[in-house]
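Below are structures written as structure tokens.
In what comes next, subunit A is part of two complexes: it sits with subunit B in the first one and with subunit C in the second one.
And then the complex of A and B:
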């Protein structure tokens, strides 16, 4: 899994590229914990995430809890249909606002 | 029939090997993208659960078998860990807890069983045998899928979780 970070205005856009499973999740979790700024605005772009298992959900839960502690705002964009179903079935869609595109996600986080 | 014996040492990565096996089956079965995803997810979650909980993170052997039939593709996962029927995992209490307050784990078997067309389990000669079934796309099969849709966890009502 490759993790890319860019800044769009005041928003940190983090793209997760590849498979997020029990092999890749531990490293992804460590990387994301460092990339999510305290009190910042973060958009996680999953449009290039090819696969997510429950290990990936644990990563998202970790980031959500970190954001709650630090006052960061975290949103998701580009969530593939199967991952959206996974998140809906487990209640994870209630954690995050979800947008279809990076542009819309940035707009929502800066509104 | 495809068959593959996977021997995992402690800490070994399982996901890529399981994904490659599922990909072989999917390629032979003409499953939809969504079906392929759910079959991989189920195989991944069950195998990961076997290694992490059945073998308690240590070394263990997992055998994968699979076949494509006229109306279905099935994938069987066998292991020699203590008896455990995944249908006995009750996600109810977990899901009843507010997401932000849940334990981090506990979603894997829920995800594994939710989207399969059918699932079977038996414990024979000291081996757990999990059989994952996806129906191949066809108008007749899609009709039957609607009529027979059921929660595979129902079959566990009388069983006792032993792991």
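And then the complex of A and C:
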């Protein structure tokens, strides 16, 4: 799993590239915890995430909870359709606002 | 799994901020895996720092091996024998380090004697499913059989136990406020007309919560939702040749594991999360969840059945055996779980506690619960330890415990089930009496009155909430079929119509099965409404069968356990086709919710002194004069509750007149004080939409002293202020 970070305006866009499962989750979680700025706005781009396991979903939720504590805002974009179905069925989707494109996501986070 | 990746995942866990346990390191290597003696409790597979703790018991085994697989692979990844030092009594425990829960399936090989006459059926050819498995892989697609050569068809896995419930808690309804809706997770949304994103799943049920809320039910009772084998039925439909299933699922394989093929996310092993989300969303909507649990037998069947789990681990502990070592069959399904064996008792308790603490379910309905009161030799216990344990368990204290108070070997305990002031019962007597009354049987009025008022003959001590009232349940005719068929029509079940109950107390209203005759159809509609109205105005806890509110038919099949298809599924087009009946049901549920007189509290506070009427009174053609004679087919009840409202008393008063005679009857109404007047809530003799009024908008009656109850009709009035 590769994690890339870029800044679009005031928003930190983090791209998760590869498979987020139990073998990659612990490292991804540590990296993301460092990358999510306190009080900042973060868009997680999953368009290049090939697979998300239970452990992967837990990383997303952990990051979301952490962001709530520090006053950051976290949203998702580029969620592949199957991943979206999994997240909806298991309730993980209800925690996040989701947008189709990075551009929309950035707009919503800065609105 | 390579040694490198094992070390990596081990290192990953080291970064966990939690303080390490001082025993979180391996002491030796078995089959290439770093291990140490495990913790005997809890049983099952539990993630621990650095690895997974496996604990399994067998009092009869001589030795045990942990078998690990990569997901889906036929051959084991490794077999790890438990060294003697890893055993405490009959418990084998081992912590294996460096295992990734998501990429491991596990099972056991138990070695011991194969001596059926002594009760032992150890057979180390089979890999056995952990009885405590919380996640079972291998059957994520409904109806897809295991590979014939699969040495391990039901593969235990280790789920994540964490879940974010947010602030959502159970609505915690009082017993007397419950309106239970019995449904089948697959059947509720499998029909294409359900228009859900993943038909037949827990998540599809979540999509239908607005429907349930609209209907007004506040508790769903889900037919079996644990892992079972839907393919254990060898029969075919004799007409179509189509295979038949075990669609209902009363044949458990994994008591702790949500059924994978009921989860949209089963193929990703996320059924635990999906189930929890279903409970969370139902709770958020004010709806409780009761699970139908089957602790009377397992899917391993009799001597000819497969060795999957219990039989191979500790046959004589888990099953009731005859002196010759054969399976006792009190369940009618081949074997009988040995519930009052101390080990199995603990197993049942562990299982229920798991569903309550981890899934937050609100209660259980126990299939053939009378078996739970039998001793290991099958005799009926006066004080069954299992039932007593469940009644007093602190974890289960707030749970609804509902018994199907009979078994398949003739024990019938409706009204006498060992209840410890705690258990409720499916009131089979209520069902039979309402049915007989409705079809016009003579001599049923007195019994009908007792059922309507909460069956005090059966539950005098426990109160009406011990009575789960129902007219129909999954087992038997649907309501539509109850008024459309005189006899069962189970030919499609492949047993020449021999299966299913013959005593249905049903009446077809003049024609067997489908008809265009408007008179017959009108009568059926009326009889359906009569049943619903009696059910929802009776004291006790009403239970509706899913689909009865929209006239669902099973074409006269009264034992559709094997029918996985449109005959069993909820056809959502009926919500429009029979919108009138749906509205009628919705109004009747709302009416019940609006009237405390119908729902006396089980812990009654001090009665209000200046009551207008007794809390139940009986009437007839003349007020205050019931006719209990054998020829009478008319019953009129007035339910009353005086409710303190500041310094005053608020009067709640409902009058229910049920006439099962083929002619209408003119009734004198009990006289009300000046400020109150009778209003019509429902009159099944009237055509829709005048058959029912929205609660709170009932119609003021022009004649306050008399009323006409039509032929085979129920009339419900409410006393409201004249203003």
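Assume the second predicted complex is superposed on the first by the 111 of 111 C-alpha atoms of A that agree within 3 Å, B and C clash if a C-alpha of one lies under 4 Å from a C-alpha of the other, contacts with A are read in each partner's own complex, and residues count from 1 in each chain.
One rule holds for everything that comes next: a contact is a pair of C-beta atoms (placed from the backbone, for glycine too) under 8 Å apart; a residue touches a chain by one contact, two chains touch by 3 or more.
A quick note: this is a predicted structure, and the numbers were derived from the prediction, not measured.
In the superposition on chain A, A:95 makes contact with both subunit B and subunit C.
In the superposition on chain A, A:81 contacts subunit B only, with no contact to subunit C.
In the superposed model, A:3 lies in contact with neither subunit B nor subunit C. Once chain A of one complex is fitted onto chain A of the other, the partner contacts of A:53 extend to both subunit B and subunit C. Judged by the touch definition given at the top, the superposed model places A:26 against subunit C, while subunit B stays out of reach. Touch criterion not met for A:35: it reaches neither subunit B nor subunit C. When both complexes are overlaid on chain A, the residue A:61 reaches subunit B and subunit C alike. Under the contact criterion defined above, the residues of subunit A that touch both subunit B in one complex and subunit C in the other are 21-23, 53-55, 57-58, 61, 65, 85-86, 89-92, 95.
In the complex of the two chains, the subunit A residues touching subunit B come out as 19, 21-24, 51, 53-55, 57-58, 61-62, 64-65, 68, 81-82, 85-86, 89-92, 94-95.
Residues 13-16, 19, 34, 37-38, 40-41, 44-45, 48, 52, 95, 99-100, 102, 104-105, 107-108, 110-111, 114-115 of subunit B are the ones that touch subunit A when the two sit in their complex.
Considering their complex, residues 21-23, 26-27, 30, 53-55, 57-58, 61, 65, 85-86, 88-92, 95 of subunit A touch subunit C. Against subunit A, in their complex, subunit C makes its touches with residues 5, 8-9, 12-13, 15, 100-103, 159-160, 162, 164, 197-198, 201-203, 263-265, 268-270, 273-274, 276-277, 280-281.
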